[in-house]
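Each of the next two complexes has subunit A plus one other chain: subunit B in the first, subunit C in the second.
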Partner chain A sequence: MQIPVEGFMYPNEVELQWSVLIVLYPFITGLVAGAFILASLERVFRVQAVKPTYRLALLTALAFLLVAPLPLQLHLGHPERSLEMYLTPHRSSAMAMFGFVYLWYLMAVLLLEIWLDYRRDIVLKSETSTGLARLCYRVLTLGSSNISERSLRIDERLGYFITLIGIPSAFLLHGYVGFIFGSVKANPWWSSPLMPIVFIFSAMVSGIAAVMLLYMVSTRLRGRQIDIRCLDKIAQYLMYTFVIDFSLEMLDLLQRIYEADESFRSLDFMVHTRLWKSQVIVQILLGTVTPIALLGLTQILKLTETARKRIYALAGCLTVIGIFAMRWNVVIGGQLFSKSFLGYTTYKMGFATREGLLIAIVLMILPFGILWVLVKLLPPWPDAVSLSASGATPAHGTS
Partner chain B sequence: MFKDIEHLIRLAAVIVIAVAAFVVLRAAVIPASFGQYGHYRGAAIAETAARPIAFAGHDVCEGCHTEEAEQKKLGKHVVVACEACHGALARHADDPSALTPAKLDTAVLCARCHEANSAKPKSFPQVVTADHSGGIACDTCHQPHKPKIEDEKPGGKK
Partner chain C sequence: MDITRRHLLVLLPAAAVAWKFVLAGTPEASPNYKLSEHWWSMLIDIPKCIGCGSCVRACAEENDVPDGYFRTWIERYHVADWKIERPEVESPNGGKQGFPPNEISDGKNFFVPKLCNHCADSPCTQVCPVGATFVTPDGVVLVDKNYCLGCRYCVQACPYGCRFINPKTNTAEKCSLCYHRITKGLTTACCEVCPTGARQLADLKNPKDPIHEFLRTHTVQILKPHMATGAKVFYNGMDGSVR
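The block that comes next holds the complex of A and B.
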């Protein structure tokens, strides 16, 4: 397959080493961190309005976190060797250390928080369900069915503490992804100390938008009424975060333009040619300026509920597309130009190859499948708790 | 009090068991010599050293193939070891009848080094093989051990 090259490329730069799957890795990790931070709004910052999305946000974070390492695994020639980073950790490898950041976030934060938050429901369901589901819930209770008021209060306090740890952990998770790119000093497109911070804010933006959309879609599918107060609040937070994110990206751009180091002309040319559509049109105009303007409209004008919902849905979709384009422009864009700054290559995406489009689509659908299972197992809806609670009386409750 | 934190004690027990299982697994699967010299298996060095020698070395080749050796000394390929093109032939050097080296396809072999590429130094002889020879084997015109064609004027096309 002949790859179109313009100007001069070193031989090892012609073919891109990091494919669309490596675009998915920061995109999915960002959704996880963002969803968790939205959940923490209710738990730590006591934003009661977003309560209906608290559990959905946690389950979304878990579903996407389980899929987050898969793009990396598929990228590896020997995926089974990746587990060796836990057995013989290489402290000087940034990527190997991400394994520990990932494990910490999954095991010490997300799973623990979900377990503590759902423990009451799990115990109740272990007593009312039958068959395989019952066995599943029984295992999840760890053999303790005590849901006395005191024990639940302890869970609540411990859960709060874990969320407190979880916020910096979520920042670390996605900040670390930004650090992996930002610390590649040989690549001027990536090498920037602002990278981890931009990644964190863009993660919050994408996670909040994704949970907002999921909340809208799932409520509609269940035939329930969307809590507009909740939606307004989420959209408000989305706009604030987006404005900060956009400002940071523009600051980064301003810095680069003013500094105009030896890479600037080459990168500037790339943005005006190879990345024009994905960066300027999709990421900046469609995926950033438009949703910010739409969300801003809802804050300024007095719009009807239906109009607001439609605007939120459109802004949410554009936001997710825009953040995906941002990840694309970082990962793919960073490999399109030559280190000599004299040439440009092209990314040719395969279809049914190991790192092709088909796998990327499957990997993007997979978290929704996992989320569906999680939602069936641990219903996140506020009304589901009262329904299950009314159907059973705690057998070992001491309150 | 104990009853209300029983589930947490059970959770702690699960974590302790998981960590213990990991520690046991780690001890079982990590090779004993790992870390002896660095972040790799120390015994790998001895294992690699114990592998049979595959390359004979150009001195051994030149011991028998004197004519080719003389030709090479006259051309620029004097710096290229015999087995760089012909492959590892220690078995052939030990017993010439045990292994007959395969005939090389020069149309492919020569292009490995001499296919034009902007990243190569300008002084290095390089051609766009499609234009230069159109798939014809290079040894049709060039003698690989002394590739410069005698009729060429000095400083002419390489």
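The block that comes next holds the complex of A and C.
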């Protein structure tokens, strides 16, 4: 397949190395980190208004985190060797160390926090359910069936402590993804000390927007009333975080324009041609300025509940699209220009290929499938567990 | 001795580590070659390069380089008058079949052969997640294709565009400075065939190597010195427009 090239590329540069799957990877980990940080608002900062989304945010984070390594695996030339990253890691490699950050976050933070938070429900369900479900819940108790008041208090305290560790861990998780790109000094589009910070804030933005949308959709599907106070609060946080994220990105942009170093002319041309639609139109105008303006409107004007819900839904969708476009522009954009700054190549995405669109779509649907299973297994809704099954004190998140 | 569960727990990881060493094998024997006595580099004499493409062809032949990928290639520069920041560069099929006659008469034209710079502080080695890319004690950056994951991080990290993924092995590949030859006292395939001597293999640790005299008496440069990679391919007569 002939790849259209404009100007001069070093001969080995014509073919793009990182495909749409590598776009998915920071997008997915961003959703994980953002969802967790939203959950921690309730747990650590005692923002009671967002309580209805606490467990949903945790399960969303888990569902996406389980899928996060898949695009990487599919992308590797030798996926069968991927475990070598854990067995014989090269300590100077940002990518190798990320494996441990991922594992730490999955095992020490997310799984532990979810288990502690759900332990009471799991024990109750292991006693009341039958058949395969009973076996499943019994396994999930991990042999710990004590749900006395004292035991639940310990769970609560430990959960709080894990969330405390979890917040910097979530920052580390996505900040580190930013570092993987930001530390590549050969690539001026990526190489920036702001990259990890921008990644952290954009992660929070996408995670908060995704949980907000999931909360709206799931509540509607269950035929329940949306807690508008909760939604207002989430939207408020979304707007604040988005403003910080956008400011950081603009700061980076202004710095580049003013400095106008050797790469500037080349990158500027790329933004005005190959990235015009995905960066200027989709990411900045449609995916950033519009949702910030919409969310700002809800803060300034006195709108009805229905109008606010519609605006939140629209702003949430645009935000998620905008952040996906941001990941696309970072990953794909960073490979479209030559390191000689004299030419440009083109990204041709296959459809039913190993790293094609079809696989990308499947990988984006998969977390929702996992979330559906998780929600069935561990319902995050406050009214999900019948208290009559036990005389125990209601645990965190149940009523 | 009875093997208890505790013994087994100790023995199994030890056996796994030992097995890794067995799998790694032993390096090919070069009895008279001492790694510590060499520090390899290359000298490119730009005014001598005629762009014939012999080096590219010899490299592809010697190292079984797939079509469309290059361990070494040649670029033709055209710099019009004072436009040093905007040179016109071309490298049709890496210069493998040479170059068509030049139709632009104004300004200056010259050829620049490129290859891995075998950087002493190579960014590709730094980023490799499993250490499949490494610097040998005699200063050559190599890739262990039996260990490489094919994650392509090294390709992104190389500022010179010297790396590619070999579609046959799905692993990273680049110039090995014909390591299989130079450790046996031969020169690289590209240097061997260069009709003008524009490419010369150099051993910086050998005091008798003519490179020392050359470096003392000529103005030489490396590519992209601001990248601070410790590049060891030296260019004589390189124009400021080359990148």
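Definition applied: the second predicted complex is superposed on the first by the 384 of 399 C-alpha atoms of A that agree within 3 Å, B and C clash if a C-alpha of one lies under 4 Å from a C-alpha of the other, contacts with A are read in each partner's own complex, and residues count from 1 in each chain.
Criterion: contacts are C-beta pairs under 8 Å (C-beta built on N, C-alpha and C of every residue); 3 or more make two chains touch, one makes a residue touch a chain.
Fair warning: this is a prediction, and the values are worked out from it, not measured in the lab.
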* Do subunit B and subunit C fit side by side on subunit A after the overlay, or clash? -> clash
* Counting only touches as set out at the top, which of subunit B and subunit C does A:Val184 meet: first, second, both, neither? -> second
* Considering only touches as defined above, state whether A:Tyr10 meets subunit B (first), subunit C (second), both or neither. => both
* To do: Could you say whether A:Trp18 touches subunit B, subunit C, both of them, or neither, answering first, second, both or neither?
  => second
* To do: Classify the contacts of A:His90 with the two partner chains as first (subunit B alone), second (subunit C alone), both, or neither.
  => both
* Asked: On subunit A, which partner touches more residues: subunit B or subunit C?
  -> C
* Would you sort A:His78 into first (subunit B), second (subunit C), both or neither based on which partner it touches? => second
* Contacts of A:Lys339 with subunit B and subunit C, given as first, second, both or neither -> second
* Asked: Who does A:Ser263 touch here: subunit B (first), subunit C (second), both, or neither?
  -> neither
* subunit B versus subunit C as contact partner of A:Leu158, first or second or both or neither -> first
* Asked: Between 7-15, 25-33, 97-105 or 133-141, which run of subunit B pushes into subunit C after the superposition?
  -> 25-33
* Overlapping contact positions on subunit A, where the subunit C interface meets the subunit B interface -> 8, 10-11, 88, 90
* Structure fact -> As the complex stands, subunit A meets subunit C at residues 8-13, 15, 17-18, 72, 75-78, 81-82, 84-85, 88-90, 92-96, 99, 180, 184-187, 334-335, 338-342
* To do: Give every residue of subunit B touching subunit A within the complex, in rising order.
  => 3-8, 10-11, 14, 22, 25-26, 29-30, 34-35, 39, 117-119
* Residue ranges of subunit C touching subunit A (in the complex, touch as defined) -> 20, 69-70, 73, 75, 87-91, 93-94, 114, 123, 125-131, 147-153, 155-165, 169-171, 227, 243
* To do: Flag every residue of subunit A that touches subunit B in the complex, lowest number first.
  => 8, 10-11, 86-88, 90, 115, 119, 141-144, 146, 148, 150-151, 154, 158, 398
